[in-house]
Amino acid sequence: MATLDVEGKSYEVDEEGYLMDWQEWTEGVAGAMAKEDGLDLSAEHWNVIKFLRSYFEKYQIAPMIKILTKELAKEYGKEKGNTKYLYELYPAGPAKQACRYAGLPKPTGCV
Amino acid sequence: MATLDVEGKSYEVDEEGYLMDWQEWTEGVAGAMAKEDGLDLSAEHWNVIKFLRSYFEKYQIAPMIKILTKELAKEYGKEKGNTKYLYELYPAGPAKQACRYAGLPKPTGCV
Amino acid sequence: MGKYETPMLDELEKGPWPSFVTELKKATKVSPMADDELGQLEKSFQTKRGYWKHGGIVGVLGYGGGVIGRYSSIPDEFPGVAHFHTVRINQTSGFFYTAEALRMICDIWDKYGSGLTNMHGSTGDLVLLGTTTENLEAIFAEYSSRGWDLGSSGSAMRTPSCCVGMGRCEWACIDTMDFTYHITQHFQDEMHRPAYPYKFKIKTAGCACDCVAAIARADLSIIGTWKDKIRIDQAEVKNYADKGMDIQGEIIDLCPTECMVYDGGEIKINDVECNRCMHCIAKMTKALRPGLDKGATILVGAKAPIVVGSLLSWVLIPFIKMDPPYEEITEKIEAIIEWWDDTAKPRERIGELIEVKGMRPLLEAADIPPVPQQVKEPRKDPFFFWAESDFDK
Amino acid sequence: MGKYETPMLDELEKGPWPSFVTELKKATKVSPMADDELGQLEKSFQTKRGYWKHGGIVGVLGYGGGVIGRYSSIPDEFPGVAHFHTVRINQTSGFFYTAEALRMICDIWDKYGSGLTNMHGSTGDLVLLGTTTENLEAIFAEYSSRGWDLGSSGSAMRTPSCCVGMGRCEWACIDTMDFTYHITQHFQDEMHRPAYPYKFKIKTAGCACDCVAAIARADLSIIGTWKDKIRIDQAEVKNYADKGMDIQGEIIDLCPTECMVYDGGEIKINDVECNRCMHCIAKMTKALRPGLDKGATILVGAKAPIVVGSLLSWVLIPFIKMDPPYEEITEKIEAIIEWWDDTAKPRERIGELIEVKGMRPLLEAADIPPVPQQVKEPRKDPFFFWAESDFDK
Amino acid sequence: MALPERQTDIGPPKYDAYLPPVIKENYGKWKYHEVLTPGTMVHVAEGGDKIYTVRAASPRILSTESIREICDLSEKYCDGYLRFTTRNNIEFLVSDKGKIDPLLAELKERKYTVGGIGPRISNVIHTQGWVHCHSACTDASGIVKAMMDELYEYFTTKELPNKVRLAVACCVNMCGAVHCSDIAVVAVHRKAPTIDDANVGKMCEIPTTVGSCPTSAIRPNPKDKTVVINEEKCMYCGNCFTVCPPIDIHRPEDDGVAIVVGGKISSLRTDPKFSKLAIPFLFNEPPRWPKVVDAIKNILETYAKHARKHERVGEWIERIGWESFFKLTGIEFTYQHIDDFTFMRDTLRTSAAFKF
Amino acid sequence: MALPERQTDIGPPKYDAYLPPVIKENYGKWKYHEVLTPGTMVHVAEGGDKIYTVRAASPRILSTESIREICDLSEKYCDGYLRFTTRNNIEFLVSDKGKIDPLLAELKERKYTVGGIGPRISNVIHTQGWVHCHSACTDASGIVKAMMDELYEYFTTKELPNKVRLAVACCVNMCGAVHCSDIAVVAVHRKAPTIDDANVGKMCEIPTTVGSCPTSAIRPNPKDKTVVINEEKCMYCGNCFTVCPPIDIHRPEDDGVAIVVGGKISSLRTDPKFSKLAIPFLFNEPPRWPKVVDAIKNILETYAKHARKHERVGEWIERIGWESFFKLTGIEFTYQHIDDFTFMRDTLRTSAAFKF
């Protein structure tokens, strides 16, 4: 099993780098994952991660992309409420990057 | 609106003598209703009334007859677990007499 | 003029079709209740709504059903229908009567009731329309002492009913009237002392014409049929042709299984392919007759639309013999009802229960094997259950 | 012999039908991945189970789909398929290729992948079967720079697909290939960046033969048809007869609407009654042709059985013109998808959503009037909704 | 006055006491029948015995006076034997051929309506209506009378392609065979019920009320000891009203009837069929419901004109397609026609083949 | 090595670049076609131009080596033009009539299987199976190969009453057209899944998992942060397994395939139809699934023997009735055949007319 080491602690991740236990997540985990991808997490990145995290904690499911974009539009302005913006922030896509950084379970099925 | 007077208190009843509010029921109500019908309430009568009452309070519905008879069989012996026994106790029938004495809402529909 | 002015109802005395208003008016000669019924009905016509309260719980001692309590919601205006209960008298099998019996029924009814009846109710009962609570015991004593019993109501076995069958029909494959008499007697307790989860109806038709609407209106529908060959009288076939019947167009082409041929002279039927739909027999009654190895198909589940939409009955037993003393069929019916009675929630008809549980538990409970005749077509989705017992095979 | 012994698979190289095992073996010459694929598959055959993990999330930058991540669950045993992702290349409309294009596709694939393909996937994509995560960006750059893009996966617009249509079929009532190209281009963003509640598929067939299974396999099914009369070439009718065709039995009798007559010489069609099923045209292609006022029927909702059983698409718009630049149809499709996108729960296909909500909200959202063509038959139960707006009428 | 002694659980009298001798003798031995006129037929036994039937319409609501009159007639012409049919007609069972014409003559004189046999309209199955049921949202007897006055000749004389079975139900409980009738009327509401909150908690079984709703539109409100109806989800079936008196569904200004068509009970040629919605709503217009009567007549006559011999209404419609039915009858197709209930999946069209 | 510059959202190349000139010129102007042999046909344009098609089977899994060979052939005989069909066959598009025979000869030499046009079996729609899918409960390519070896002549030569469309799906997700195929195989499980409780709470969306179950057999167990399956209600669809990796549905010793029949997609003559269950279960028997192959052959040949010309499998069965289908094929009818799911109401028989 692969691991991700963050601040001395080691986290189990799967072959694609998703946390094996979403409950173990810390902000440091997100940072470490981003670093591996060579991405600097800006405040805008964190907005997405935090929304994903809080939505998941509340509903135990990842939000549909349209819920995420609606939320972004509402909170940060209309120009940020679209997938284009999301892919600018997370070029590998919200599922592959944002959800992973947020420690959410790996999306299944529907490929 | 018709009324039933029991121990100085007056209870609203419908044209068939059912309590208009099942919550107002007291044992006295049952006694008074039985008296009107010329029926002496024995311990066996009370067994039925009390089961109806407790079932209703628990589930807010009257039990199906088969549940009532099963209960009687369980508690008081197999020979009492049938409709014959019920009609012996309550010649006008469980719906018309026992449920009424127990203060349950008048059974609706299905006639 | 009666007690009330009834201009709208009077309008319905006009026209050629027999008028129920005239009947109501006739009854006013018997009972003032009929006056108030007329008056209240006129008011309904004027205001476009009924004035009856929810059904009441009235009845006779020792019975839990058979009487429908009915109270006017405006008794001050129409005191004569303050109480207006109906009494369900169990009709005879096939609705056969003698003048003498009917007169007796009328006499008693005039004495205690409104003088109005329904000949008959939809379930089959002879319905006496409108009396008061205090008359019920007397009515029951009068009728029962003369050999007539109450029908049914409530969560009970309902009054069984049937087509005229062998009484006056050449197609009857089973003795609908006798069986209905038998099953009515068999279920007396279940009819009169409601103890089921909900109502249960049995209707019996002698053949697939289903002249008693069993398949649409009974929880248990019994429909007569045969297993062997349609009997053909070729001489009569010729007669029909001679009289100008277009046998090819009217019979052969309409046979749903295409199992008939007509060569201009004789009709031939490939009986293995025949689904016994009755079309050819019904339209050539002199030439074609049901076979001789007779019995019935048993179907279950029909009901009206509440709660999840109407149901027609579903085939349960494709063929069963129906000869007196009706042992096997009675046992099967008991097993079917027992399963329902043990399993259903309150107010759940057997058709609804089957929709929830599937056919299998009922088939197993009543010891009926699964056969293709039970379905129009097999399931479509690839989702199906397995029981441990299936693996042993 | 390859890297692994594969006695069971070898068995499947025997027999006349082309063998996929032979293909797997051929690919071992290109890539060692194919060896391990063979080895793992042999193990599956031996143990009767697969050895793949749940789908992964891999892809190319800027896209959310187009690649299916796949990992062996026993990578130690078969390291060559530890990663074995598939790449979906958007096929051409109608699956037309030149040798040159295909060779280019093969060359790149040999460089980065297993040398195995599916020509094609069920949705329509040209599927490249088996590569590793690190090769994905390169693969994408190679193909896209040569004018080929990825197809789709995930909760997105899926790669649209169509029958050969006007490319090589005399019955095409619409230009399936051109429209599919148009709609694929139109939905590029929605294809590549999944943002829908679930997948959405569009398939387009030129006529009711539905050679692309649109009605069974697409959320939005477009099927070409015509509004006017079937064109008849009576001389060719005669030719068919002369060649011995049983026109009455094979054509007239099988016409579902009984709208054809054949008098031994000419065929006459009562086109108002014709339901345009295509049978007569398909079986007498020289004599009968679709009419000239052409367009399409739009249906929605087909899907596979999960969760509540399979669905076939339901008629939404009986007839719509389908001429370039396809404005009206594109607007309608957008409105339909918008309603679904706004209303559906996660993992809810449009057919499932309609089952929950009824047709009305979709019809209203897409401004489509209710018409009898949308139903096989009207509702059976007497339970139906009224909107305030209905009362104004 | 002393009452006679009651008996219980004796069931109905055995039928054989009421059978005319010729029926008793030939019970189960009938060979064929012939329809002689629209109101008379003869059944012939294997051995040649015959029983003649004369059928007369009944309004089903019969006064004892009328029953006595029928008894008199049956004594005069049928040795006192008679029966009723499953559609509530009166059948005089005549053993003596010579008595048929005199019976018919007297029936005519007394204004009885003779007919209903063979390929035509027979009596209308119907229910209580405002005459006796609290649930009624129309009057069944009233509509029946109005429509049969208009369709009279289809009972007494005119022939149709096959039997046409009519029914009227005064609410969706459908105490008739409306759900499988050739043409039928069913009364419907169009607004959600109102709730007398104060009484629900006192008089109703709340779980039963919640469970009664086909669309799960009702949820309990335990705080106020009542229930709440989500009006969006309610389709006005009235089942909650049936089980809980403080819930009222009657709204005379919004109530009316729907017309359904194409049902069938017999298995001849085609399977029994449910009726399907033709007209979702027409207002109650007592005493003669002219729009309802017109609508039924229109459907009936369109059928009579276009159907083939032996085709029932539903068979005709299935042959031509519902698209054509709406076109030929001129009935408007509305959102209400599209099923969104239990049969939705199977009634939406899944085919590219249909008529424009 | 530097990569070329990537482009995004360009979509596929436009089709017209890949059309043979004769098609480009006659695009949308085809007049009729003729099937020349089971593997060749000609399409004739209004103006008389012709395009010949030679169809060859493909195992769908193609190596690049084979694709190159096909390319070579197409260059040699078709100016480099070719296409694939929606059922994954290869179509050589021959503009020059004279090249057909040489092409056929070379195809024969190279052991290509030519056929599939007209009233016969064409290629089998199928899915990934053990080759690539985690969900597979059988191997699709394996079954296809085994059955087509046996049914080979129905592709290359023999005629059937009409087209017979076969399909194989390796799980109930049914990534093929199994649900509307004349005869098809779908892999099914027969035991409820097992749950790795420790991981459910860590790796799954619990509400999604609960919601994934068609029969509501799954409920959350919040205490242990996992879910519980009511085995009584589970019908082994595997949807929970799809959405939640710690749930496992694979049980090689209990898994196998079902055979469904009578589906149809075209609207010709009769509406498109779903496939219905013929055989609920046969064990996986790789590499040749002999029982599955036999069962399919039996159904196919029973159809070939009894159906009328132009009748599809489903049309034939509907004409004779399912009772007869089971009788003629000798297939056992079991509890599993009786629908207890969404179509139950409409598929149970509501008629007294059926065959014994």
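Lettered A, B, C, D, E and F in written order, each chain numbered from 1.
Quick note on the criterion: a contact is a pair of C-beta atoms (placed from the backbone, for glycine too) under 8 Å apart; a residue touches a chain by one contact, two chains touch by 3 or more.
Keep in mind that what you see is a predicted model, and the values were worked out from it rather than measured.
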item	value
Smallest count of steps, each to a touching chain, taking chain A to chain F	1
Touching chain B and also chain F, the following chains	C, E
Any chain that touches chain D and chain B	C, E
Distance-maximising chain from chain D - centres being C-alpha averages	B
Chain whose mean Cα position lies farthest from chain E	A
Same or different residue numbers at the chain C/chain D copy interface, by half rule	same
Pair of chains joined by more contacts [C-beta pairs], C-F or B-E	C-F
Approximate Å spacing (C-alpha centroids) for the pair chain D, chain F	12
Chain centre separation (chain A, chain C; CA means) in Å	65
Between chain C and chain D, centroid-to-centroid distance (C-alpha), Å	51
Sites on chain E at which at least two other chains make contact	172, 174, 179, 208, 214, 237, 242-243, 245, 267-268, 271-272, 274, 341-343, 345-346, 350-353
For chain C, residues that touch 2 or more chains besides their own	54-55, 62-63, 189, 208, 210, 215, 223, 256, 277-278, 305, 309-310, 312, 346-347, 376, 380-383
Sites on chain A at which at least two other chains make contact	61, 106, 108-109
All pairs of touching chains, each written as two labels joined by a dash	A-D, A-F, B-C, B-E, C-D, C-E, C-F, D-E, D-F, E-F
Chain B to chain C touching residues, read off their complex	15-16, 18, 61, 64-66, 69, 83-84, 86-87, 91-96, 100, 106-111
Residues of chain F that touch chain E when the two form their complex	267-268, 271-272, 342-343, 345-346, 350-353
Chain E contact footprint on chain B (complex, rising order)	20-23, 59-62, 105-106, 108-109
Residue ranges of chain F touching chain D (in the complex, touch as defined)	3-15, 17-19, 23, 27-28, 30-33, 43, 51, 53, 57-68, 70-72, 74-75, 80-86, 88, 90, 93, 111-113, 125, 127, 129-137, 139, 141-142, 144-146, 148-149, 152, 155, 172-177, 179-180, 208, 211-214, 237, 239, 242-243, 245, 250, 252-253, 255, 263, 265-272, 274, 284, 286-288, 309-310, 341-343
Chain C residues touching chain F - in the complex, by the definition given at the top	208, 210, 215, 223, 225, 227, 256-258, 272-278, 297, 299, 309, 311-315, 318-319, 355, 357-360, 363, 370-387, 390-391
